[in-house]
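Presented sequentially are two complexes of chain A, the first with chain B as partner and the second with chain C.
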Partner chain A sequence: MNPLSSQALFDQASLSIRFLLPELTLVGSACALFLLAAFRSSRRFSGCLALGAIFAAAGVAFGIPEPSFLAADRFTAGIDPTGVAVFVRWLALGAGVIYALLGFSDSSRQTAPEYFGCLLVVLAGLSMVARVNDLLSLFLALEMISIPTYVLLYLPTKSKAGQEAALKYFLLSLLSSGVLLFGFSYLYGLTGAINLPLVAETLSKASQVGPVSPLALVAIVLVIAGLGFRLAAVPFHFYAPDVYEGAPNGVVAQLAFIPKVAGLVALARIFGLLTPDAPFDAARTLIPLTLWVIAAVTMTFGNLLALIQDNLKRLFAYSGIAHAGYMLIGFLVATEAGAGMQSGFDAVLVYLVAYGLMTVGIFCVLGYLTHTGRTIETVDDLAGLGRTNPVAAGMMGLFFLSLIGMPLTAGFNGKLLLFFGAFETPPTTPLKDLYRILTLIAALNSAIAAVYYLKAMGVMFLRAPLQPAAPAKGYAAFLAAFLCAVGTLGLGVYPKPLVDAARKAAPIPATKSPTVLVVSK
Partner chain B sequence: MFDLSSPIGLALIAAALPLAGAVLAAILGWSKLGRFAHLPAILSFASASVISLLVLAGVIEGDGALSMSADLGTWFSVGRLNVTFAFLLDPLSLVMLCTVTFIATFIAIFSAGYMRGDAGYARYFSIMSLFVFAMCLLVMSNNFFVLLAGWEGVGLCSYLLVGYYYAKPSAAAAARKAFLVTRLGDVGLVLGIFLLWQAGGYHTTFDSLFDHIAKYPPASGTITAICLLLFCGAVGKSAQLPLYVWLPDAMEGPTPVSALIHAATMVTAGVFLLARCAPLFVLSPEAGLIVSCIGGATALLAGFLALAQNDLKRVLAYSTVSQLGFMFLALGCSGVISPKVAVVAAMFHLFTHAFFKALLFLGSGSVMHAMGNVIDMRKFGGLRKLMPWTHATFLIGSAALAGVPLLSGFWSKDQILHGLLEAGESHAKYHTIYLGLFAVALATAGLTAFYTFRAYFLTFWGTERIPHEAHGHAHESPAVMVVPLVVLAVGALLVGLIVDPLTHGFGHFLERSPSIANAHAGYLAHSNMVEKPHAFSWLVAGLSSLLALGGIGAAFAIYRRGGPEIVPAKLKPIYALSQNKLYVDETYAAAFVKPAEWLASTGRQFDAFLDAIARLLSFAPRLIAGLLRPLHNGLVQFYALGTVLGLAVFLTVVVFRSAR
Partner chain C sequence: MLNTEAIRILVLAVLFAPVALAALVGLAGRSGYRSARRLASLGALVHLGLTAALAVPAVYVLIDRSESEEAYGHRAANSFQPIFVPGDPSGELGSYETAWNLFPVAKAPADLPPPAIQFFLGIDGLNIWLVLLTSILTYVAVLVSHGSIRERAAGYYAWLFLLQAAILGAFLSFDIVLFYIFFELTLIPAFFLIGCWGTGGGRRDAARKFFLYTLLGSLFTLVGIFGIVLTNPTPVSQTNPDKTHYTVVLDAKGQPHYPKAGPVTFSIPKLMRNVAVWNHFHEIAIRGAELKKVAAAKGLEKARSGREPIAIPLAEDDVAKAEREWQTAKADREHYKSLQYWLFFALIAGFVVKVPLVPFHTWLPAAYSEAPPAVALLFSGVLAKLGTLGLVRIVLPLCPDMAVQQGLPVFGFLGALGIVYAAFCAFAQRDLKLFAAYSSVSHLGLLVLGTFTLTAEGLTGAALHMVNHGLTAGAMFALVGFLAERYRTTDMNQFGGLIGRFPIYAFWMFVICLASVGLPGLNNFIGEMLILSALFSPEATAPVGYGLGIAAASGIFLSAWYTMTMLRKVFFGPLLLPPTPTDVEPRDVRPHEWVAFGLPALLCLALGIFPQPVIQSMKSDVNIIVRQTDDARDRANDAKSAAK
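What follows is the complex of A and B.
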């Protein structure tokens, strides 16, 4: 049957739409918000509408059963709703609630509808990254995250720094999108397919018969570079500190988390790490070593530069770079997936959730404090917070402890899974002992990171307050921070549900065909 | 679950009541009703005491082993160790529970008068209730976890109460000393518990632990080590050589607290622990010998130190140390003679001692109350007429402590002496040493009578002298303080006679404890001894009466005119030695504290050295970061260039190296 016949196309499209109902709800609500902006712009109204849209999407996701999906459909379907798709959708909706709450204090009255509308589109894009099944829609989904972010960055800008941030992000993001698209075009050219599992399988099969095509390597490096920008991995990280510094809290909170999730999940899907039957075999090439170097350099670079920052947002930009490095460890381990592995991509998912809770939580506290009339720009502005706003400072302290990786916080469990997975990787893999060395580097980095987090905590709790206690306002941001704190502590004390969910989303492949394990150097 | 109306259920209710009292008193303290904070404490102690006495009345009849246990759920479970909230009711714990709650009731009543108007009234009663609760927890425990929880709770509360006047530097120092010195013993205790688990197959409840050890006896060295480590804990808590130094200093707390510590809640914990672990001690004669020797040495030394103290409470404190030494003397015999004699004698002495020591401390508190918080015997005297009730009850307490025939102290001391003599006359390996210890005990008994009555005469006889701090308001204490004195005095007079010599009920009842019965079985198996009937010995009774009366007579001869004290020139050096506590505190300071301080300061210098190195190391990341910083120059075209260059490097390396 002609695949382009209108009836087949229609069937496929209608099937795809049924897998995307929650995302469509989000985008539809966003459109309504954009339209509404012409008539009424109120922060509370738009915010409540956005929250309602998120809950409606959750209701749709929960209440309307999806059509059945067979594993074999993966190679033809436009949407793959299994595995990581479910995990990321709920992650996006959960994060959406937090962001919407934070938006109450972060958006300005005039631009509130646009603010919340863009947020909804970003959330839909994030969810779609994990479920669309071909290169083109994947690119579109990624742009659904990037383009609203440009708008979000530009919306509140009256200041020069803000305009600069928006422009820088726009230019560099375009560059990275171009690189990514370049890589995608190579992949299509090599395999003649845009279906993600098909691409991975074709590459895999080709590499099993003959030598790995250099063009395939070029494509992969280009894809890593394009998505590395979203992760803020060195050397594609340059934008982060400048953009963070000029952007408002709520947007920084999104920038720090959503592109990282999208980038990592997209990378894993292109590499076929989430479809246990056909992982792309890159083990014979220098790709793992490249990733090793990127991971090591990224975390070291981020932590070292965070050490000398005074500005809080710059500090968290570098800290975010460092955390991207940690997550790349998990990604690297997942590319080695094989017998005897302790963990794969599931560790990355757990770490992403933990990282999101603590980092977004920090920006929620900052949003709450800024809303109550303080200006918090530098670390020193936190002085004496423990005395003037003890609850906010307590939550902030909890997030810092989690970022350091103290036991009983979510951050600890995330780090434990990542580091343990790398440390326990069998030495039969091509990188041999390099995994252990990477674990050591990561542990050293955690120690360096503890310095600047603890320094900030010391400023908060030990120094005399510089600003008087602020009046209690901005309950929405406070609630968002509180939710993050509960999550950080709850998943720290009882991480099992999260780990189980992550395992379900990204199962560890039981075995790998032995031919692939051959080292050819 | 278990039945709350069963004996153990009632006993647990009794044990939990003080906790409720503590919470209520604390709540009252927060509200404006702080001046009623004594009510929850007194009521909870009194009802706990009544309940436990009812339980006692219910189970006292009959023969055969008496032991009930209850599990209130799992605390935690790790590997082979399953730790539950396990409680045990047997004669040993029941006797302790009755004693503790009964004595505490009257101490609390006395405190209501003594502490009236104090700023921390509610705090006092709240912590006191917690103190009693911790002790109840300790005695009711059926595994070492709950026991340790109670044990440390007692330690914490004693710290809080000794340091009750926390603004006073000496009180704060005394509290710290009490806590730290007893912690020193606790280290041994915890190690002993670990070793015991290892040897006892990781059982947790006492019975199964001791059964396992009886069935699969470990090497004798192991069992001795376990016993001695457990004894370490007892040495700290029960103020024996060399860790007795905290108890005399603990006088810094309010006087009723001293009564509580000395009579009921704290120092008896060590004796109880060893009684509970008697089945272990019968297996190791060496450990028993060491326990006895330390007990004897402590008894004699403390008796000597009590001779020349000017502080009335200090005299009593040293007498407590000395009497506890007596109890350990008896406990140490349990491998040589039947634990039915040895442990029962120690517990009996603990029981009678609780009455007269609480009485004496409360009496001294009454004196202190009247004298405007002065307790130095050089500053007052001849209070006989002024404080008739206090005088009469104090006299009864002193006589009981001195061991005057027919009073309660006489009977229990007699049992200990008798046990020691029996041990000395046995054919065991170390029987000559026990004979020597018998002599030491006799000498201490004489000393006890002498120093007790020295204090009595100096305080109540001679011409009436009142310190100016009393502001002429010296008077007999109010009824709320006198009534407890009278009740305890009646106890000190009669309780010894009633419970044992007349009825033999005490010993008979205690023997029904499984731990003592097991210990007895172990003793019979271990020493191939034939059980001898325990008989009253006129020789021992006569000797001890003679010594008691002799000591009192000597005190009468020297001190009947009251103060000020005149010391004959020839005895001056000995007197000074006793008064300065044999320079033990100074020796400890020179031998342990100074080297520790030196070590600490050396460590600090070393630390500073390491710090410098660490600083040097920590400078490196900042240096590197400083070098990397110019990369972020803010120029977007440079950023793009950096990105593309990085991409180019990766491409070159990956493609060309792989394609080679």
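What follows is the complex of A and C.
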């Protein structure tokens, strides 16, 4: 019998499709946008269409009930719609609204349909990263984020810096994808499976009876390297400053956030941290130590280099690297299975949302300010913004305070959960007190980071303006920035809904007993 | 009877009214500096009234509590007992708890409250006077800013009120993370106040330096807070994790049952109890293991002398088991102790920077000399008290063993060093603002020294001195502001013989200076005498001898020396005045300045004559801290005698 006409396969495929309706809506709209580009190329038209597509996807996600999914299906199904999948889908759609609004002032008339089409594909890819259930489709989902990004970077190829950015990102991203795929092939070779939970389970079972296979370690290191590029973790960060500098605001806003979410969620899923089953027991290997070193070096390196930046976008590139370091702390803590902690990957999810709000918010403000042709390249170009554009400066100040981690902002709550989780990891784990030291390093890094954020704030509010007040025009970008500001402040004052949602998305694995604590008698 | 519910609402009103005022002044005061300052001074006065309305019943209840404790000879409570807690689930004076959760950081067993950061505010003897002081000094600060702040006045007053709200929040907090949140929030208004309305050219750098230095310190404190919270969870029963378990229970066989670690808590009173309990359990576990060891050794002897050789290996097993248990118990305690050691230094870091204690004061000269006088007034008057209150509210109760062990030798020494060093610095200053700043640092050194004596006198003196120092240091900056407003300079060398030119001003300056040097009959005298008496009491200072006491006493002498030198330079001798920046001839104290100088001066006098209500209302809370540290001292002495 022709396997392609098998009824079972057909049933499974149709089931998978029913779990992907919102994503299909997004991709379908993207295709429509690409086609329409031949007839009508208008910024407003394409933008509204994209916004409509995002809301339509949200409507589909909200309105059409998904088929039931049993926990046991996880080992066979092509799609796993439970847990983190829902969280990331709504995150992608929410971020999509912001990006689409920012796109109104960021895209040019000629390329608007392509710009918004690519954006929709990226969003669909992000949502799929959390949802697809095997190595191959995970790779495809990750590429669905990368490939439109190449296009987005190439679209405004007017400047040399822009071309350099596009080329650099393209080549390095290809390389990292190759490394990732290489790692995936090892995982498949070792376990004979491509289903994610099955891979994690086979690895953890194998590690329980004997020593951890060195090939598994190679595979995991390759996966970390491949995804580390997306996180912009040291030493895979080299592209970030140049690409940020050369790319337009809207694309940088995407680059700063979406690959980080995708990379971390993909890592967590490959490690099996997001399912209630036992994750791959990496604690006995050198993997935690490797991650520890990467996290510590990433944040320290990012912050120290950010200190000496004058160019605003380069500054945010390094700041993004540093924040990747903080997130890796949470990831590292989540890998400590069975150590008796009360938090896991949920802290990373909370931090991702907070980080997204504040970083994307900053690029929205920049998009709003540069819409009318004003250039903001260096930190000094912000001088006196507090006098000329008080509302925009106020929002920007709020984002800076959130990045520093001041209370009443989302950034504080994110850091609080991350640091608390790291300190909570008991010294009975193989890394012993290193987690507490990592908390201290992170705290010190927050202080270093405050130096350059505060410098920018000082330039904005305490110095006399160098440029006359920019006439306010980019209302869409302003609205996007405003939404980010509301989110930053709202989740700063009352973070409970977000924390609850993150906990629901990333439950503590069963082996982690919820009550045992540091001092036990 | 007092309407408790209404007073709870009043607590919230006192905290949030400044936020509303900030919004009001920021929006409605935009038309010009006159309307902004009118609104601001009216608002600050109303808020002062609100605070007084809260303080009167609170002090009444607190004094009542102390007196009844004395009358019935009660032992001090084992943790802080905040009254008028908003969101208290139970009756009249309450359960000293709140039900208002901000967000749960972890899951909890069924029947226990979830480990959540809470919106836990309350009043006790330590904070009520500081709250009142904050409202008084904010009013004074607004009055002092009348003439000097004309540019963007609405924004200035709005930030001033936000600063007040953050300070009040930190004073009122009984949740350790909430305290930290407010503690950090003070940085934002302070940054803008120094950076935007500062008087010197270096104001931007000063603002940044202040922000970063304090942030660095408080991030260490945050790590320390995590550590304290995580190492002192609520003890729960071994068998039923839903039940708290604060005592060792004997089971049917007479075997002791120790509790195990339950959910973590962020409430300072609960943490305080947990700290005491875990320390106690670590001791008891060792004692119990020692007893078992003795019993097992006896059993072995008996078995050897007995006729049944089969019992010998069994008894040997028992001995080995008891030995293992003893080793584990000891290792547990050592681990707990060694972690406390690091946590103590982490925890205290943010506070010693905020106070500031020499040598962590290097942000201070820039910040104080660049800030407008009214802001410097709030900085030294109340913001510094965040540091000292942090010591008595968090460091001493939650790290009592380390406070006993390291307090006087390390931080007491730094306090004493600061007294003398800052006194000489004050003497050498030419700028009146810096003179006032260093004089304030010198007095704060004495305050920290008093705190770490860990005796009732020392802590009462320190708590009283917080209020006294706030009044005198605040008034001193208000008085410096008088000259800054009229002449745009505070350089001492440009002034002389002011007593002839501004007699009323000179009068207020003399009163405040005399209060500052500790003249009997004025406020500082009482606090300083209490601290000195504690420093010379052998029980408190046994580990360090009388050296610190001598340094403190010399500090009081030095303060008279530099203050009198300043008065001689500026107020006596031939008249010397810098050129006035405007054509208008400066006038002597104007009506609003009468209030700004007179109010703190009168309170200095009042506290000098009738300190009893303040001392009495603080008494029970001071005793709570002393109980905690006395227990720690007993433990230390036991360990010492055991080692011998």
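Just so we're on the same page, the second predicted complex is superposed on the first by the 503 of 521 C-alpha atoms of A that agree within 3 Å, B and C clash if a C-alpha of one lies under 4 Å from a C-alpha of the other, contacts with A are read in each partner's own complex, and residues count from 1 in each chain.
Criterion: contacts are C-beta pairs under 8 Å (C-beta built on N, C-alpha and C of every residue); 3 or more make two chains touch, one makes a residue touch a chain.
Everything numeric here is computed off the predicted structure, so don't read it as measured data.
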Joint occupancy of chain A by chain B and chain C, clash or fit: clash
First, second, both or neither for A:Asp242, with chain B first and chain C second: first
Which superposed partner A:Thr439 touches (first chain B, second chain C, both, neither): second
Partner chain in contact with A:Leu307 - chain B first, chain C second, else both or neither: first
Chain B versus chain C as contact partner of A:Leu217, first or second or both or neither: first
First, second, both or neither for A:Phe87, with chain B first and chain C second: neither
First (chain B), second (chain C), both or neither touched by A:Val451: both
Chain B versus chain C as contact partner of A:Leu171, first or second or both or neither: first
Contacts of A:Tyr351 with chain B and chain C, given as first, second, both or neither: neither
Partner chain in contact with A:Phe400 - chain B first, chain C second, else both or neither: neither
Single chain B stretch clashing with chain C - from 57-65, 183-191, 327-335 or 399-407: 183-191
Contact residues of chain A, present in both the chain B and the chain C interface: 451
Contacting residues of chain B [partner chain A, same complex]: 618, 621-622, 624-626, 628-629, 631-632, 634, 636, 638-640, 642-647, 650-651, 653-655, 657-659
Chain A-facing residues of chain C, complex: 101-107, 109, 115, 177, 180-182, 184-185, 187-188, 191-192, 195-196, 203-204, 207-208, 211-212, 215-216, 219-220, 222-223, 226-227, 230-233, 238, 241, 258-264, 278, 281, 285, 332, 336, 346
Residue ranges of chain A in contact with chain C within the complex: 342-343, 401, 404, 406-408, 412-413, 416-417, 419-420, 423-424, 436, 439-440, 443-444, 446-447, 450-451, 454-455, 457-458, 461-463, 494-496, 499, 508, 514-521
Of chain A, residues touching chain B in the complex: 167-168, 171-172, 175-176, 179, 211-212, 214, 217-218, 220-222, 224-225, 229, 234-236, 238-239, 241-242, 285-287, 290, 301, 303-305, 307-308, 448, 451
